[in-house]
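When the chains are written out, they are named A, B, C and D in that same order, and each has its own residue count from 1.
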Amino acid sequence: MPLILLALPLVIASLSLMFTNRKVLGAISIVGSATIVLTALSIARQVFAGSRVVWGQFIFIDALSALILSLVAIIGFMVTLYSLGYLAHDLKEGEFSEDRLKWYYFWLNIFVFTMFLVLVSANLGIMWVAVEGTTLATALLVGFYNKKNSLEAAWKYIIICTVGIIFALFGTILLHYAAVSVTGESGSLDWQTLRRVAEQLDPKLLKLAFIFALVGYGTKVGLAPMHTWLPDAHSQAPSPISAMLSGVLLNCAFYSIIRFHLVVSESLGFRFSSNLILLFGVLSIVVALPFILVQRDIKRLLAYSSIEHMGIIAVAVGLGSKLALYGAFLHMINHALTKSSLFFIVGNISQHYRTKRIIRIKGLFKTMPIMGPALMVGGLAVAGAPPFNIFMSEFIILSSGFAQGRYLVSSLIAILITLIFTGVIYALSKMVLGIPPSRVKLGEHGNFAVVVVLISLVPVVVLGVYIPGFIHDILQQVTSVFIGGSQ
Amino acid sequence: MLRETAIGAYQIFLIILLAPLLTGIIKKTKAFFQTRKGPNVFQPYFDLYKYLQKESVVSEHTSWIFRVTPLIYFSSMLVVTAIVPVVATHSLLAFTADLILIIYLFALARFFLALAGLDAGSAFGGMGSSREMAVAAIAEPAFMLPLFTMAVAAGTTNLTGIVQSVVTGGEGVLTLAHLMSFMALFVVAVAETGRIPVDNPDTHLELTMIHEGMLLEYSGRDLALLSLGVSIKQVLIFTLLANIFFPWGIATVFSIGALLTGTLVFILKLLIIGIVMAVVETSFAKTRLFKVPDLLLGSFLIGLLGLVSKFVFRG
Amino acid sequence: MQNYQGLVNFLITLILAATFIIIMARRFNSIIMAVIIQGLLLAALSTALGWATGIHEMYIAALLTLTVKAGIIPIVLINAVNKVAINREIESFLSMKMTLLIAACLVFISYLATGQVIGKGSGLINEALPVAISLILIGLFLMINLKFPIMQIVGLVVMENGIFLAGIGTTIGMPLVIELGIFMDILVGVLIMGVLVFRINRSFNTIDTKNLRNLRG
Amino acid sequence: MPVFNELLFTVMLGSLLLGALLSFLLQNKPRLSILVGFSFANLACLTGLVLGPTLLLSKRSLDIILPWSVVGANLQFSLDPLAAFFISVISVLSLSVSIFSYGYARAYIGKQNVGVLGLFYNLFIFSMIALVSSSNTFMFIFFWEIMSLVSYFLVVYEHHDSRVRRAGFIYIVMTHIGTAFIIIAFLLLYKETGSYNFAQYASLTHDLSPNVKTVIFILITLGFGTKAGIVPLHIWLPKAHPAAPSNVSAIMSGVMLKTAIYGFIRITFDVLGVGPIWWGVLILIIGAVSALLGVMYALMEHDIKRLLAYHSVENIGIILMGIGVALIFISYGYNDLALIGLTAGLFHVLNHAVFKGLLFLGAGAVHYSTHTRNIEDMGGLLKKMPWTGFFFLIGSISISAIPPFNGFVSEWLTYQALLAMGSAKLGVAMNIMGPVLGAALALTGALAAACFVKAFGIMFLAVPRSIKAEKAQEVPLTMLVGMGLLALLCIIFGVMPYMAIQVLSPVTASLIGMETIPLLGGYRWLNVTPVMGQGVGVGATSISPLIILFVLVLSAFLVYLLINRVSKFRKARIDETWNCGIALTSKMEYTATSFSKPIRIMFRAIFQPTREIEKEYVLKPYLTSRIKYYGSIKPFFEDIFYRPQLKFILKLADKVTLLQSGSIQLYLGYIFVTLVVLLIFAG
């Protein structure tokens, strides 16, 4: 099963290279990603039913991986759907030539493959290879438009992320070095084994390894101050790719940090690594704030908001109580769903207005009677207002912070979130309200895109008032991954 | 029950009857100090009769507010008359009214009078209303505070209760607090009755008038009602001054003798206050409108000192 | 193992020396030559270690190093240089003296830092780890200090070499699968960077990083 | 009965949701949308009007448990007396406003999307009712935030105007910052007690350390104070209320602000319990300051809705004064005296909802007819719009606390509470503070009267000041009915306060364990009879507004008869206004600016007015052809508390954004530095 999951995107990628026709490519990728969703979900179901999926020495899927795996598959599917309309419009506008379309689908599927590889690999080394793979797969997607800005973004993206990730590799090597003496060559990077023997490892080396891994993978997650590539890449990529980057790639990178964290905390105790994660989390929220307050580009605003939300997840993981972890992964789900949906919406809007500058987008309520309210809903959700999903997880995280007696951190975060809310609302109200510029024609931007957006918004609203039983169960299982190792 | 009603009715009658006379007396006294002959003390009665004989002229711009104001003003004063203890500690409505209500009934009357001042659309009326409301606003706390001091001492805002508590020599009678409160209220009375140095009741000069400005459009029977109402208000405020702070002589039991004494003492007190008021009026010049707050602030501070001394010095 | 200690240490020192050549060089061709030399030295080190320890995978690693780091990557770099920046001076933020000083400091720091982690006389790692960290730090420093995108690729390659050195120096290499993956990543990464350099050059008509500063805030 | 009540509650919430949905779906048929949307709102309010008083009079609570739970908090609506009281208040006002809206919303047909108005209007009422019915802090926050958001959308309903957008933004920012404080307070409570549930707190908060209680108290004072609009957190209020459609402003001012009072009472009385004395003193002083400054700024306004908005600040202040006194007495253990203050505060909540709702509707009606909110452009409207004028007059008298209308009764109770502070055994400081703040309340009341003489006089009396006012017509019947209902309530609560106070009795009983019985003398429903100072007094203090009204009307009638008999002329002659012999034009009238000038000058220390006069001459300096007068007052709180801080934050943010300068070397440097720092400190 996991092999099929890994093979599918590769197959679709290679199939994509054989065609140039837009419709054929679309059909292939939709059918393909639908199959991927089914496969991924069936694996997840198997995992959540209680049996871990293991294949050989290198593949291991537990609840944590399964959760993010499902997110990748689902959002991948939504992105594929959305890409159809989005790319068709871009083609019509002559943003790129049709023969490059196959490369889009090729890299998109490679990207999905690498993310899957991150999640299913049982080996920290392979995980590193896969994380670096995600960078390589997306670098050309970020620069897909071949414009000055997008190339610049792609360049910064690949350089900064590669540098960052090299540190992660160094961390991995240090861990390997620490482990070889205990476990011997073969199991030395298998994180399950490592977790088991963690207490015998050299704590000094572990500390060093974690610092390097945190800085390295943290770069990929977009934790400040290593986040600098993120607003550039997320704002310059085609919107469906931005959705994918913000929605799931960050989570995959975060997953890598968690794996290290789990190993290291076994040996060094909980405080060391979780406090570092917490620190970076708070720092990320702090750094995101001013950029959101004075932001001029809507996609950059969303990117900074992603930094903020990764910070919140980091804080929650750093807090580390059961409730906090529950909140962290609920937040991960919520953020993935909401942010990807927002990038869809903004994609439509920026195509319609032919700009991403907030100041030039006005009167959305009038011009786009569905996208305007949708942007408002998504924006409010991402800013943490009820009755939308992110409010729920933020509330859980804050309350767990208070419950642990970490008043200062929790209050600080509550205040930061509030201030960020004002920044987001300021930008949103600039866009949705007011009188639209006369150059913009009234009406929606294609029915298909509207439908995709509306579908993607459904969980945003539903999860805001109601957490279904199965999600509750899943989150319980994911949190137990953290606790499980210590027993 | 019947007896109390009778006393209440008597007090109302007395006040309505005495009101124009007091105005006359004050005018006469002022004339005396200004070495004029001055009008007859009964001149206000003649004026009222004259107004009633004249046709009422109403501006075409006015609304029904203008028409009903004299009635509302006058009947508010009547209601207050029925509340205030005059010659006896009891009054017709004492059981169901208190001094806060009295002050707000004055406010009701003033509210409509000020609206009526605006109603005709002339600048004089508007000016009068504007100044009246401004002066009344800053006079209000100064007016209330001394009364509150007395009410707190008596433990009730009911006038009968306050008067009784003072008569029976309750807590803090004739103390520093008591006297200071009286002084404070006396200053406010000057403002409330529209007298120099706050207002000049005898002028119709646009720069100086406050109260008269609002009455400018009225004539005939409407003017009669309002003039009488204003006179009654003056008597009522003097009565408050007299009976709250110096109630001695007031009838506490229902006997003819006590009532007679009460009536005589009351008239005497009114005369004294009226004459003092006239003296004050002649010895001061009218201040500028924007100096009035200083005066009232002074009054408020005296009242505050009274209140503080009540608690700090226990007397 | 002990017999080869001297050789290995010598090779490691040479690798560090090659890095300094890269720092000091002011022409692209010499830089690329230094990169190739470093690749060769790494391959040699790998072979020596394989010979010394008898682990055959080290030979494969050596071969890979030879082809990728001394072969393909330099070719890509040369290609890129020829296309976009032939015969150009390399500009840096700091002067040569400062650059050297800082690089020396970084080496010093690396020895200092690793001294705390590993005890004295723990063999191979004693020499390899500090040099590896030096390479990583100097690579990063190169990327920060030099103004041309191609030099950033070079810096990255130096960092990567440091990592490789750390890998083989500490634990005689990672498992082969991982090693292969890493090589592939490096290869693809450099290729993609090359592609991007071409495209940037085409769009901007120049490849100066001064122009790559449109995205702010 | 409980089943029936449950059904009522479900119908209420359900019809609001349905109304929201249907009105949105019918947006292409605006007339139908209006009809459907507001009819459902009316239905809900009617059910609320049945449910609230029923629960109060039967002294029952109602619990409705939802079938799922979130965050470990049971989702449960529970309607205790306090909630039932607020539901009644919300329903009373919303009913009238919804009736009013049938007519009023038609003005938007063709200009704005009426379906959206119906959607948010219904959701707004829904969120408020759900908010006061929430049984735990999570639900409270949830609906609180929804209420804020929905009201934000209502405020920016006319968003083509940039001022409206700005107002809306300031509103949402302020209210959200307030919410942050509330959330922190609630989470602190959760941490200390381990529960989200209001009902459980009473038993759990006993052991709380005083410091924690104090922190929570300060946080909720800030949080709820922002929503309620206490000075200096009020700045959003005079911006947001005028921006919203008038029916929405009526509800915002009438009841939304009160939800903050609800939250405050819920937490201080129900959850935190007895606190130190300075809590009450703080609230009392906040109340007095808000009341005074609110009314003073109101006097300076010429925009009728801004004026009314400032009066909301004032009245919230008065409500807080009552509550503050109650808190002080509770701290001293005099629960029976606390009763007076609490009753005064809660009763004023009801009264303010009624008369402020009425006034906002009146303002809306005037705007509907004249298309202006500037009172300097009105005048003479009483003749054009006799009913609107009449109702507005009733509202004006009520808000000025003049008998025999409802504003007076609750202010009278507040006076009694303050005086009770003077005569009870509380120590010198409290003894003095009570009467002095009573005097402050007197000043407030008198200034309010001045303000409404200005507002009513300039708007409705004399000669129209502009063509707009000249063309004004009476508004449609539904709007009149909406206003009429509220006007009627002003009179009913004014002359028969016992009706309301009896309904309040279970509320106070549940909050401080005292029923309102001591308030009643031997005169049953005629009287409001607080007993002052625990037997210190000689006699009981009581007033009967009904008797006073009766005597007032009777004497007016008698005087009328008498004067008709005595005077020669039955009818008045109609003639011109005397104007020194020149025909009167509207330019000669006293304006609102000139009306408020004496007060502006008397309180110049607060207003810091500036003025500027420009003259154009025909023949200098003798003949002037045109004079332009500019006058303004200094927006003190914005200048001191807000603008500099905002500027600073934005400047700082601008500086910080330089970090993202675009230089890749710099970015790599960040990573480098981070790594080195981490290695040094953590490694």
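As a convention for this text, a contact is a pair of C-beta atoms (placed from the backbone, for glycine too) under 8 Å apart; a residue touches a chain by one contact, two chains touch by 3 or more.
What you are looking at is a predicted structure, and each value in this text was computed from that prediction instead of being measured.
Engineer: Given the touch definition stated above, what is the smallest step count connecting chain B to chain C?
Structural biologist: Each step joins two touching chains, and the minimum needed here is 2.
Engineer: If I average the Cα coordinates per chain and compare with the overall Cα mean, which chain comes out closest?
Structural biologist: D
Engineer: Give the label of the chain whose average Cα location is farthest from that of chain B.
Structural biologist: For chain B, the chain whose C-alpha mean is farthest off is C.
Engineer: Express in whole angstrom the distance between the two chain centres, defined as the mean CA positions of chain A and chain C.
Structural biologist: 31
Engineer: Let me have the rounded angstrom distance from the C-alpha centre of chain A over to the C-alpha centre of chain B, please.
Structural biologist: Distance between chain centres, rounded to whole Å: 78 Å.
Engineer: Taking each chain's centre as the mean of its CA atoms, how far is chain A from chain D in angstrom?
Structural biologist: 45
Engineer: In angstrom, rounded to a whole number, how far apart do the mean CA points of chain B and chain D lie?
Structural biologist: Measuring from centre to centre gives 35 Å for this pair.
Engineer: Can you list the residues of chain A that touch 2 or more other chains?
Structural biologist: Expected reply: 155-156, 159, 163, 167, 208, 231, 291, 294.
Engineer: Give the residues of chain D that touch two or more other chains, as numbers and ranges in rising order.
Structural biologist: Correct list: 657, 660, 664, 668, 671, 679, 683.
Engineer: Any two chains that touch count here, so list every such pair.
Structural biologist: Those chain pairs satisfying the definition are A-C, A-D, B-D, C-D.
Engineer: Using the touch rule from the top, collect the residues of chain C that touch chain D in their complex.
Structural biologist: That would be residues 93, 113, 137, 140-141, 143-145, 147, 152, 209, 212-217 of chain C.
Engineer: Considering the complex alone, what residue numbers of chain C touch chain A?
Structural biologist: Interface residues on chain C, with respect to chain A: 116-117, 125, 132, 136, 140, 143, 149, 152, 156, 159-160, 162-163, 166-167, 170-171, 174-175, 177-178, 181-182, 184-185, 188-189, 192-193, 195-196, 199-200, 203-204, 212-215, 217.
Engineer: Per the contact definition, I'd like the list of chain A residues that touch chain C in the complex.
Structural biologist: Interface residues on chain A, with respect to chain C: 58, 123, 125-126, 128-130, 132-133, 135-136, 139-140, 143, 146-149, 151-156, 158-159, 162-163, 166-167, 169-170, 173-174, 176-177, 180, 185-186, 188-189, 204-205, 208, 231-232, 235-236, 291, 294-297, 300.
Engineer: Mind pulling up the chain D residues that touch chain C in the complex?
Structural biologist: Touch residues, chain D against chain C: 657, 660-665, 668-669, 671-672, 679, 683.
Engineer: Under the definition above, what is the set of chain A residues touching chain D in their complex?
Structural biologist: Within the complex, chain A contacts chain D at residues 155-156, 159-160, 163-164, 167, 207-208, 211-212, 214-215, 219, 225-226, 228-229, 231, 272, 276, 287, 289-291, 293-294, 365, 380, 385-387, 391-392, 395-396, 398-399, 401-403, 405, 407, 410-411, 414-415, 417-418, 421-422, 425-426, 429, 433-435, 465-467.
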